[in-house]
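Below is one structure, written out as C-alpha cells; the observations come after it.
Each chain gets a letter, A, B, C and D, in the order it is written, and its residues are counted from 1.
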Amino acid sequence: MSHNTYGHLFRVTTWGESHGPSIGCVIDGCPPGIGLTTEDIQPWLDRRKPGTSRFVTQRREDDEVSILSGVFEDDEIRRLHGGPVTTGTPISLLIQNTDQRSRDYQDIRELYRPGHADFTYDRKYGLRDYRGGGRSSARETASRVAAGAVARKVLGPSIRLRAAVIQLGPHRINRDNWNWETCESNPFWCPDASAAPLWEEYLDSIRKKGSSCGAIIEAVADGVPPGWGAPIYGKLDADLASAFMSINAVKGVEIGAGFEAAALSGEDNADEMRMSGGDVRFLSNNNGGILGGISTGQPIVVRMAVKPTSSILTPRQTVTASGAETDIRTRGRHDPCVGVRAAPVAEAMLAAVLADHKLRHTGQTGR
Amino acid sequence: MSHNTYGHLFRVTTWGESHGPSIGCVIDGCPPGIGLTTEDIQPWLDRRKPGTSRFVTQRREDDEVSILSGVFEDDEIRRLHGGPVTTGTPISLLIQNTDQRSRDYQDIRELYRPGHADFTYDRKYGLRDYRGGGRSSARETASRVAAGAVARKVLGPSIRLRAAVIQLGPHRINRDNWNWETCESNPFWCPDASAAPLWEEYLDSIRKKGSSCGAIIEAVADGVPPGWGAPIYGKLDADLASAFMSINAVKGVEIGAGFEAAALSGEDNADEMRMSGGDVRFLSNNNGGILGGISTGQPIVVRMAVKPTSSILTPRQTVTASGAETDIRTRGRHDPCVGVRAAPVAEAMLAAVLADHKLRHTGQTGR
Amino acid sequence: MSHNTYGHLFRVTTWGESHGPSIGCVIDGCPPGIGLTTEDIQPWLDRRKPGTSRFVTQRREDDEVSILSGVFEDDEIRRLHGGPVTTGTPISLLIQNTDQRSRDYQDIRELYRPGHADFTYDRKYGLRDYRGGGRSSARETASRVAAGAVARKVLGPSIRLRAAVIQLGPHRINRDNWNWETCESNPFWCPDASAAPLWEEYLDSIRKKGSSCGAIIEAVADGVPPGWGAPIYGKLDADLASAFMSINAVKGVEIGAGFEAAALSGEDNADEMRMSGGDVRFLSNNNGGILGGISTGQPIVVRMAVKPTSSILTPRQTVTASGAETDIRTRGRHDPCVGVRAAPVAEAMLAAVLADHKLRHTGQTGR
Amino acid sequence: MSHNTYGHLFRVTTWGESHGPSIGCVIDGCPPGIGLTTEDIQPWLDRRKPGTSRFVTQRREDDEVSILSGVFEDDEIRRLHGGPVTTGTPISLLIQNTDQRSRDYQDIRELYRPGHADFTYDRKYGLRDYRGGGRSSARETASRVAAGAVARKVLGPSIRLRAAVIQLGPHRINRDNWNWETCESNPFWCPDASAAPLWEEYLDSIRKKGSSCGAIIEAVADGVPPGWGAPIYGKLDADLASAFMSINAVKGVEIGAGFEAAALSGEDNADEMRMSGGDVRFLSNNNGGILGGISTGQPIVVRMAVKPTSSILTPRQTVTASGAETDIRTRGRHDPCVGVRAAPVAEAMLAAVLADHKLRHTGQTGR
C-alpha cells in the first residue's frame, strides 16, 4: 500500500509534482558510515537532465540536489572519510523546480490527452493537478535518479550498473557492435556506433514532423554475487519487473532471453555450468543472471519497452471531462522519444532493487 | 519482505514443498459475507491439475482442497446464502500431496540442474529440499490457483478473467482466429482452432525427443471499471508485472502493446477517445487497459513469456555442489512445456491483483 | 495491513477459529539450518494448554502440533544435526481442534456479551462466527505459542525468555521474594512463594462465586546484546507494545519502570553507567533494557495488564443484535482469570519480536 | 521495516535531525479533495512549539511549515473550496530549523548521557549525529504534529481529539475536576483548575534545582463510530500502543481502565449495554472504546507515561565511547518536564492512527 514508496529495506519515498515548488525523496534504510555528498548524486542527475540535446524536452532545469538530513560530519569523520557520512537515519533529498512556465494550462484542464493519465487520474481522484502532468510527469523520475545514486553507494564499487538504448522506434542495434563506451558519445545511449547516426537521422525526422517513437532499454548489473534475492514472491526478477514497470511509459519488462525464451528449445535455453578457477561458470546467460528469483553471479540483464511519447503535434481524437468529443494536439515543448532519457532511470531502479536485496543479506544496519 | 506473501489488502501467503505432506495458503483480507465452499475452488484447481493430457507432467494428484478457517454457516446464513460465507477472518486452504513418489533423490542431491534453482538456493540458504524441486517446484502454483478462485469471488461475476496460450515454442496463433471457447476444446488453452492441431503435432515431436519448449500466455480481464490502481509505485501494471514474473519459469511480462509499442509511432499508439452512450470509449487498446497505473475501463491485457521446461532428456553439462564437472539428464516424468499449465496460474494471479486493487477502493471491510 | 500477521522479517500469520476443524500459523523468514522438530514446540504448547488446573478453562485440547512444511532432512542432515532442519522456506504449523463441543450456540447468536468482541465484530463485519468467540477466542494464542517456540530457536540458547504473573486481581507479589523457579511450582506462574498460597485461596473464592479477576504479567529477556531495535517507528519497545497489546484482554503495556517512571525524579530514573570487565554496565534498569528504541544489553522487561475474564456467572445487562435489552450470564466452562494462561503467550510474543529484530541485524538469510 | 514511517494506508514518513537545516515529513495516502493550507497545520505546531513558557525548553523555533506537494488549486477549485485541496498524491511538509546554536558539541561527542540514546545509537550504527540528540531529539515530534494536523482533516469535524496531562511527577489530578477548557489556560495542559497552581509551584522547584520529572498524558477521541479497527494483529489498540510508545521518553501505554483493570472484578469491569434512541449505549467505558481491537463508538481513551527528562543539572555517572568512567551534567537549555509538550504529540498520533483506520473502511481513494 505504498503508492509512493518502493523497496523493503532500502526504501525510497518520492514526492512532488511537475509544476510544484520542488520535488524530492526520502531514503530510509541506508546503512551508516557511507560517505555521501551532493557530488555523489549530481552527476547522475545531470545525465538525466532535460535540455541536453535537441532530442529531449527543452524544459530547462538545473536539477540541483540538496541533502537535508541523514548525513553528518565532524573533524574526526572528515579526517577518516574526507567528508560527511550517512548515519543510518533517513536521507531527505530536495530538487527545486525552476522552470515552471507560467503559461496557461486552462486549455488542458478539461481535456483528456490520449496516452496520458489524465482520464484515469480524474476517475480515481475526481481531480488532478494538470499542469505538465502533475504527479504523473516524468519529472518524478529525477527523484528516482537521485535515490539511485545513493543506492550505488550502498552497492559499492564492485557492482557496475549501466544501461543502453538498444532499439529506437523500429531500429534495433546490432549486438555484435556493442560497446559501452559508445553510449557516452551519442545523445541516445546507443552502444552501437554504426546505429547512432541512423538513429539521429530517424529521430530528427520524427521530431520535425511532430511525431514520436518508443524505445527499448537494456540495463545490466555486473558484479552481483550469487545468492541475492528470494524465492516465490520476493524474487529479484519480480522486484525488478515491478520497479521497471513503474517507470513512466514502460509497457514491458523482460529478464535475460525474455520473450525470446518462449521460442527456444530446452537444450538451447539451458545455461550449462562448468568450473572455472574454483567458481561455477555459466556457458550462457539466457536466465539474465537470475534463477528461482535468486542471483547466479552472472550479469543481471533487464530490458524494458517504452511506448512512444504521447504528446504529439498531430491532432488526435479525444473527449473532455464533461463528455464532449474534441481533438487535441500538443503545443510547445515536444519530446520525440521519452525512452532516450529513460536509460539513467533504468539504471537507478536497478541500483535501488539491488541495494534492497543486498541489505536483506547483510542486515539493515550494515556494519 | 514478504517472500511468501503477495498482495496488500487481499494478501495470500503460500507454503509447502513438492514432496512434503501438503501444501496450502492463507488468504487474509477477504471481505465478509461472500459465499464460499470448496466447490468454488475445486474446478479451477482441476484445470491446472497434472496428468490431464499426455502433454503435461504425469504426476498424479487429486488436488483436493479443504477450507480450514474463515467461513461460517448456521441456519440463518444457510437460509440467506445457501451455504457458508466468509467472515472476514483468514481463510486457510490445504491440499494434500498424494503422489510423493518414494524414489531416491540422492542422485540430484549434489547436482545443479541447469535452468533450475538448485544452485541459487544452495548459495542463498546453504541447503535445500531437493525432492522434486522442493519449494521451487511448480507444485506451489496449485496454492495460487486456489487463492485465485477466492479472488474471483471477491471480484464477483461482473469481471471475467480468462487466459490463453498464444505462442507455443516458435508457433504463434493468428489473432484473427481468436475464439475463447476454442481454449476449452484443446489441451493447450489455444484460442486458434487452426493452430491447435499443428501445436499438437509439434509438441508431440518435442515430447518424443525428450526436449521442451516455451510459451507465451495472454491473460485478459473484462469488466474492470476505470479508476482501479494507483500512480507511481502502486501501479496496477507494476503489481501485475511483479505477480506474473513471480510465476515459475516466467522471463517477461508486458501490458497491452508491450514490446511492440517501442516500434509504433505516437500517432498509432495513441488510444483515441470518443463518447458512446454517455461513457468514454477508446478506439484501440494499446495501453492494455491501464494508463498511469490506473485502469481505463477497457480490458486489462497482460502477456507473459514462459521459458522451456528445464528438465529434458538430453544430457547437459553441469557441476556438483562439491565443484566437480559432470553431465545431467532428467529421468522419469517429463513435462514438454510447463507453459501449457501456466494459463490457469496467470488467470489466478490476475484475479488476485485485481481483488487487491478492488479492496483499496471499497475498503477492506467490504460492506 | 496485515491483520493476521505480525513481524517484519520473522513474520507469523495465524489463522483459525475456536470451533473450526483446526488452527495454525505460517512462519515466514525463519533462517535455514536450524534444527526443528515438534519436540521443540510441543513443550511450550503444553504450558499454555487448557485444563491443566482447576483455575483455567476446562476445555480439553491435546494441542498437538504438526509441521507441514519448511523443514527437511536426509541422511547427511540427520548425521550433522540429528534431525530435520529449517530450509528458509515457510513453516506451516497445524493444531487440531479436538474439543469443539457440539452444544447449541444459538442462544449467544443474538446476544452481545459485555467485554467480548461480539458487538464490534458485528459492526465491522456484519456477521460473526459466534461459537466460542470464533476468531476472537483466546484459542488463537496457541498458534502464537507455537510460533514463539520457533522464534526461540532463532534466538538460540544465549537468550533466555521468561514470564511471571506479578499481580493477581489486587494482589501484588513482593519483588524481594522473586524466584523464577517458583513459577514452575504453582499454577499461577507466581514467582513469590509466599504469595502463591494466598492467590490460590483468592482465586478459589473468585471461581466459586463465578466471578473473575485480572492479572499483570512481567516478561523478561536476558542475554539480548546491545544494538537491536531501531529508532523512531521501528523501536523495539514500540514493536513490543503492539505485540503485547494484541494479546486478548490486554489493556496496558509498559517497559522498565513504566508508569512508575512518571513519578520519579530525573536523578532517580537515570540508569547510570560504569565499566565492568571492558563492558558498559548499567547501575539500574529503569529503562527496561531499551533506550531510543534500541537494546542496551540489559534485560528487556515488559509488563502487561490483563483485564478480568469477561464471561462470568453473574447476570449482566446487555442488548441483542436486533436491539432488545436483556441480561446475560455465562453458562458452562468458566475461566476465573485468563491472565494466568497469558504468561506463556507473553513469552512467545517477546520471543517473536526479538527474533524479528535479530534478523534485521544478521540479514534474513541468516548464514 | 519502516523505521521512519508509520501507518498503513495513511502513511507518514518523517526525516530530519535536531541540528540539520530542516525537518519534515511526507504523507502518503491522504484522500483527494480535502481543503489544506498551512493554516490548517500551523496552529497545532504552535501548540507544541518550544519556548512558550518557562517550563519548556528555551530553544527558539518558529516552526513555520511549508507544503511542497500534494495540493492544488485553480480558479474552479478556489471557487468550490476557498483554496487548495489535496490531490491524493504525497504531501511533503518542511519546517526549517532556525535555532541550531553554533555551540561546541565536542564535549558530548564521546559521552553517553544516561537515559538518552547515545550509547545505543553508537552500538547500532557505529556513529551518531550527537548535536542536540540528532535524530533522537524530541524535535522530530514537530513533524508528527504537522502530520497529525493533516490526519485531523481526514477525520473531519465529527471527530474531536484532545489530550491532557493528568499527572505531573507524583501529582495526579482529581478527575472530578476535569474540564477540557482548563487545559487551555495553564502551561501544563492540566484539566484540573485546582491542580494547576500546585503543579506550577512543583515544577518551578524542579526547574530551579535543575532536576526533572515525568508525566502521564491522557488522549481522548470523541465521535469515532463503531467498527473501526481490525482483530488480532491489526487491532486499533495495538496500533495505538505502537504509535504512543514510539514517542520519545514514553515508557507505558494503556487503554481505558488500563493497568487498573487487573484489580477489577469481572462484574465491575464489564461495560454493560443498554439501548438509547435506537443505538447501543454502554453504561461505562473501562474498555476505552475498543473491544477485540475494534471501536465501540464510545470515546477512545489512551494514556501514556513519559519518563523524566534525562538531561539534568546534577552530575550522573557515565562512561565515554572509549570506555572511560566519568560524570556528566547538562549545561545550557534545560526542560524540566518533556511530558508537558508531549500532549500535542499524543493528540497527533491519535489522529494519525484513527485516520489510518478510517481509510481501511472507506478505501484509500476516499471518494
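Rule of thumb we're sticking to: a residue touches a chain if its C-beta (ideal position, glycine included) is under 8 Å from a C-beta of that chain, and two chains touch if they have at least 3 such contacts.
Remember, it's a predicted structure, so these values are computed and weren't measured experimentally.
J.: What chain is the most remote from subunit C, judged by the mean position of CA atoms in each chain?
T.: Taking each chain's C-alpha mean as its centre, the farthest from subunit C is A.
J.: With touch defined as above, tell me whether subunit A and subunit B contact each other through largely the same residue numbers, more than half shared, or through different ones.
T.: same
J.: Which whole number of Å gives the spacing of the CA centres of subunit B and subunit D?
T.: Going by mean C-alpha positions, subunit B sits 45 Å from subunit D.
J.: Between subunit A and subunit B, what distance separates the C-alpha centroids? Give it in angstrom.
T.: 28
J.: When the C-alpha atoms of subunit A and subunit D are each averaged to a single point, how far apart are the two points in Å?
T.: Whole-Å distance between the two chain centres: 38.
J.: For subunit C, jot down the residues that touch at least 2 other chains.
T.: Expected reply: 1-5, 8-9, 14, 89, 124, 135, 227, 230-231, 360, 364-365.
J.: Help me check something: in the complex, which residues belonging to subunit B touch subunit C?
T.: Residue list for subunit B touching subunit C: 1-5, 8-9, 11, 13-17, 20-24, 26, 28-29, 32-33, 66, 68-70, 72, 74, 76-77, 85, 87-92, 106, 109, 124-129, 134-135, 364-365, 367.
J.: Any idea which subunit D residues touch subunit C in the complex?
T.: Subunit D reaches subunit C through residues 1-6, 8-9, 14, 112, 114-117, 119-121, 123-124, 135-136, 140, 167, 169-170, 206, 211-216, 226-235, 237-246, 251-267, 269-275, 278, 280, 283, 286-288, 290-297, 305-312, 314, 316-319, 323-325, 339, 360.
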